[in-house]
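Consider the two complexes below, in which subunit A is the common component and subunit B and subunit C are the respective partners.
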Partner chain A sequence: MATEVTTARQAPPTRRRARGLSYNAKWAIGFAIAAFVVFALYQWFLPNANANVQSFFNDWAPMSVLDECMVWMICALGLNVVVGYAGLLDLGYVAFWAIGGYIAGWFFSDFVFGVSWSFFGSARPGEPGIHVNFLLVLLIAAGFAALAGVMIGAPTLRLKSDYLALVTLGFGEITSQVFRNGDDIFGHNLDNGTRGITPLDPIKIFGFRLGPFDLTYQFLVMVFLVAVVVFVSLRLRHGRLGRAWLAIREDELAASMMGVPLMRTKLAAYGVGAVAGGLGGVAFAAHINAVIPDRFDFSISITLLAMVVLGGMGNVWGVMVGALVLAWINANGLKQFGTTFNSSFHTNINFPSYNFGLFGLILVLMMLFRREGLIPEARTKLLLREPDRAMLEAHGAEVDEVEP
Partner chain B sequence: MAATITLREGAPKPKTPVWTLVQIWVGRLVLVGVAVWMVYKLVQVGPAQFFQSAVDGLSNGTLYALIALGYTLVYGIIELINFAHGDLFMLGTIFSAWVLSDVLNQSTVSVAGWLSLVVALVAVMAICGSINGTIELLAYRRLRRAPKLAPLITAVGMSFILQQVGLILNGSTPKQWPSVLPQGGFSIGGVQIAWTFITVLCVTIPLLLLMSFIVQRTRRGKAMRATAQDQDAARLMGINVNRTISFTFILGGALAGAAGVMYQQTVGTTAYNLGQQLGLIAFTAAVLGGIGNLTGAVLGGVIIGVIQGVNEGLPLLGQRWSQSVVFTVLILLIIFKPEGILGKPTTEKV
Partner chain C sequence: MSQAAVEETVPLALSAEAVTVIFGGLVAVNDVSFTIPQGSIVSLIGPNGAGKTTFFNVLTGLYRPTTGRVMFGNRDITGMAPHKIAGGGLARTFQNIRLFGLMTAEENVMVAMHSHMKAGIFSTVLTTPRQRREERAALEAADDLLEFVGIGHVAGEYARNLSYGDQRRLEVARALALKPTVLLLDEPTAGMNPQESGQFVDFVNRVRHEKQVSVLLIEHDMSVVMSASERITVLDRGEKIAEGPPDVIKSDQRVIEAYLGKSGAEASGA
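Up next, the complex of A and B:
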């Protein structure tokens, strides 16, 4: 609460919907075309292209990296619901990612011993373990993640923002430690501990079996999941719940006075965000064909936060761009840039080791100079800008600087 | 009209929602369960080992207290959880190793060793204090009027930048350093007390007294307290608010530096990711004692240290659950008693 402004923040006039296709249809078609172009490029064009083109794509943007970017995108979109829409800082988002991953590990592999149970699964008959169909695993993971989100949210959401950040952080750390120590919980091995669960079942959708190397088809699955999350985010954003989230983000007290049920709305943000995290977890586990607890540490939460902040809090498209850029830098871009830089300038700098500083720098610089992100949402821009005094007083507001 | 007034006057207290009651009772049950379990363990292993592990924990606890003070000072004055503070402590350990082992080249117990410890203490406190002051100047000061999310995210970013500095200085693997402190110790009634523990006490207690002197007795301290209460009023009274906040950051940084030197000397390792863990533990300590309360931070640090020591020494859950234990304490605390042990309950639910 740096400045409390008594003037109403005026939202920009909403754009009138153009005739013809609705906004939803438009983005869906654009999205589908973009996804298909990428798919076609990697599936049909690249194998027949000449060696130079092939090696360029292999170096700078191999399919596996794109798949990983999609996973990050799913999670970043989920975090965007919590941080961007509802304005609740969540520093333990990786917990939901981990929960999704382990749901996949349990229901989608031969890890569970002594049972041999298949439910439209892709395992051969007689294989041990629980093998549930990929789509159902997604549903289960979404359910469990939402449950976890509500469970952590219920007691903590009445806290002030900085305490909430801390509690979520603690929750994230506890979750990852539980999974890391899970090989010996009262003598039971729940998840192989640090060794992780591997391998997972191949994805099987509508009779197609995707092995770990069918990366382009995996890409389609990931893109589909991204589309689902985007669709849900956009629809919710324009609906009653989304407007309630924005109201809470902008002024909690005013929102509750207007009859927005604070707890229920915040919990919904947590639940929806967690669902995306769970989906991302399953997708990631299926992508790397393993669940490894070391992949679920605090820096993941921060990277996701950086994605949301970089892209523009609250703007779905901005967050997607932010996720794409940062995930690519993280997975491949920085390394490849380093290789190119070192070979052309004959230096020997270990670029990937600088990604800590890079992400920190992104967070700090964005907060200092462009708080609304690269592709800002109009409302966020108004919200995060500090109104200057003259403007406030022109509105007849009392400038009341309470404890910054 | 009258009806509304009587309604206001005579209305019964609003009933606590069932869900909140359930939460409260679950929380109490958990606490009772933990207490019972601890007593059971105490009987099982005998008091000597219990006190031994408590003393071991106490040694860490005094260091946590130093770090927690930095958190509590900054939070008290600008209500910011300075996530970068733990990493500042980490840089303190690295600088300490650098000053003592590389610059002064001390690795044994000697008079020169003691002197260089003092030199290192002063130098590292100065370095860390100025780093913290610089961070405040460059980043937080510009965000004074920004919405709360902004400085919080900036602090997280700063923590990563400091970790990067630590990574460059220290390398990605932990390093082991020689100590100038005497090893071994003496025993009281079967409880071994290390000399290093005594040294830590000899350094931290004067520092804490100095701190409380600065805050309670000096003009600067008065300005700090005034700024913490109401910045505008403080400014009207002629207090240079920006300078006071800078001073607070420098003070907190210096304490983190001192903690860094003592940690490096007693534990002997430096690692670039040390700050994150210890910083969070120290923050838990600050919350436990009542954030913004200086005595509370020290008390909280000691209590958390003892809890951790008992957990690892008895062992209750053992070292591999250490982080979870501390965070569980933190979460339960924030939910059920957010004002901490010594803090004043505020009307606003944190």
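Up next, the complex of A and C:
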């Protein structure tokens, strides 16, 4: 033990002491400014801009697509807690999105027959169904999703890595199949089955009603939800739970030997991740004004996972960028690129049908050239880019050591 | 545990009573009883495959003994979940270092404080004053522990970048963060040269006195075992073949046989 490290890399930017609270304030302000700029652009600038500018934005980034991107962002951030923070591979995350959606369907529309119940809701008095205020629906969905996360997690989280992935995949499929066939559950119509639930109530927040076409204001709601999920992710990361997640990701056995309850800690990750899924589900349902079971299939889980991996597992900013890029390509970018390409080269290629091919290509390229993601987390980058000390020494490197 | 045994000795920090572990048809540990008196350093030795690690894993809750029980203080911890045993104050280090490589030394230590901290999801998200106090206290305690084991200057380093000796020390610091009453060290001097091993013995003694822990050492290095421990238990093929102070063990015929083989023992003239 006569050796001391003197100048090994002074690593961690994650130490709280150095950065204090200002980091939270900084990102919050930056985030708010960015959101406001986008809002102002679409709300005030575009309607008065000339036709070319208008059609450009309409073609390449209409507000509805941005709203959808925000939903993806919320869900990807939730999945990031499970996959990126705690290192649990979850292939059935779409289940929570679906649960959030159906909570909105039940508590936020005239679907439920035989009752006419409004709780600060936005429906006209006397309309059938349960009409709960949008903010409360979000809370209910968060609660149910967390509950579902714990219920799905309790039996599955005893498994490890590949097995966990397979079982979560199964649970995701079960959930969506149950909703798909929910029009006849022992004679009860739970959710209209494949027809889905539509229309939903307009969003009403503090007496301010949003119709289905108030997309820019919807955008503000989505941005707020994204901010909430980011805030929760960042805060948890630096606390007792975040450390335990990291420890489990690193070495499960050692973590349990250091007093970290594996089951509870993993369930917490699942629960927190599920809450984001639930919020995303409600937001999405409100955005498309419907809950349709076809939107809850396996490919959603995979796409979300791709967003997390592309952006940089464990880094919220990376995941947000990953979600934005892939969601945009999926919803609008590829289609628009196809239209432009076809009209300028007089071809007739159906670009959107190649989107999974493109995703695959992106992922393969990422794995080859930038495995840590677009905006990697410092630790992942270290893991992938720098050999550890044992490795360096095994190759005969002198790692600055001096006699004390 | 017989009543008489308790009365005549110092209180026991930990005791295993007639522990047997059977994997399929293999008897890994056979009817081994073992105690750690409070404040002592005892060792468990034996040739490879003697069942030391299996026994160790029974103590820490990783395996459930087929028969027998483990008392920690006066609590029966047989078959308890590992994290509960650890949180109760039975800490261990690992033979092949198992630090959280991508966490800093400080964070490594703080992870082990998990069971002594209370902050949940909501208080962490809201950073309540209590949560902030707790975090600050944990950080200070972690820095103190790192200073104590002599690696305070690398508190902010990722564990994977520490030198081998520092990693060993960090493992001890991390184990001490559990505020243990018993510290189990699994071959802590593996890979150290004689000089480092000697320093380590002094270090373990210091830990025992200043942190008031009892220590169980599993060790291959005989010089370490003989100089550090007050009592040595020898396992061979899952059975306890000898127990006693170092001087007695050194000349025990069965122990020499177990290590050198029968003919080897004869050849050595013992």
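Assume the second predicted complex is superposed on the first by the 357 of 404 C-alpha atoms of A that agree within 3 Å, B and C clash if a C-alpha of one lies under 4 Å from a C-alpha of the other, contacts with A are read in each partner's own complex, and residues count from 1 in each chain.
Definition applied: a contact is a pair of C-beta atoms (placed from the backbone, for glycine too) under 8 Å apart; a residue touches a chain by one contact, two chains touch by 3 or more.
In this text, all values refer to a predicted model and were calculated from it rather than measured experimentally.
Of the two partner chains placed around the shared chain by superposition, subunit B is the only one that A:M367 touches, whereas subunit C remains out of contact.
Once the two complexes are laid over each other on the shared chain, residue contacts for A:S161 go to subunit B alone; subunit C is not touched.
By the touch criterion defined above, A:F298 lies against subunit B but remains apart from subunit C after alignment on the C-alpha atoms of chain A. Using the contact criterion defined above for the overlaid structures, shared-chain residue A:R240 touches subunit C, although it does not reach subunit B. Judged by the touch definition given at the top, the superposed model places A:F231 against subunit C, while subunit B stays out of reach.
Residues 1-3, 383, 401 of subunit A lie at the contact with subunit B in one complex and at the contact with subunit C in the other. Those residues of subunit A that touch subunit C in the complex are listed here as 1-5, 8-12, 15-17, 231-232, 235-236, 239-244, 246-247, 250-251, 253-262, 268, 271-272, 379-380, 382-383, 388-390, 399, 401.
Those residues of subunit B lying in contact with subunit A across their complex are 19, 23, 78-81, 139, 142-154, 156-165, 167, 172, 230-232, 276, 280, 283, 287, 320-321, 323-324, 327-328, 330-331, 334-335, 338, 348-350.
Across the interface of their complex, subunit A is touched by residues 60, 62, 81-84, 86-87, 91-92, 94, 98-104, 106-107, 110-112, 114-117, 119-121, 124-125, 127, 131, 134-135, 138-139, 150, 153-154, 156-158, 160-166, 168-169, 174-175, 177-178, 192, 195-196, 199-200, 203 of subunit C.
Residues of subunit A that touch subunit B in their complex: 1-3, 87, 89, 91, 154-156, 158-163, 165-167, 169-171, 173-174, 177-178, 180-181, 298-299, 302, 305-306, 309, 353-354, 356-357, 359-364, 367-368, 371, 383-384, 386, 401, 403-404.
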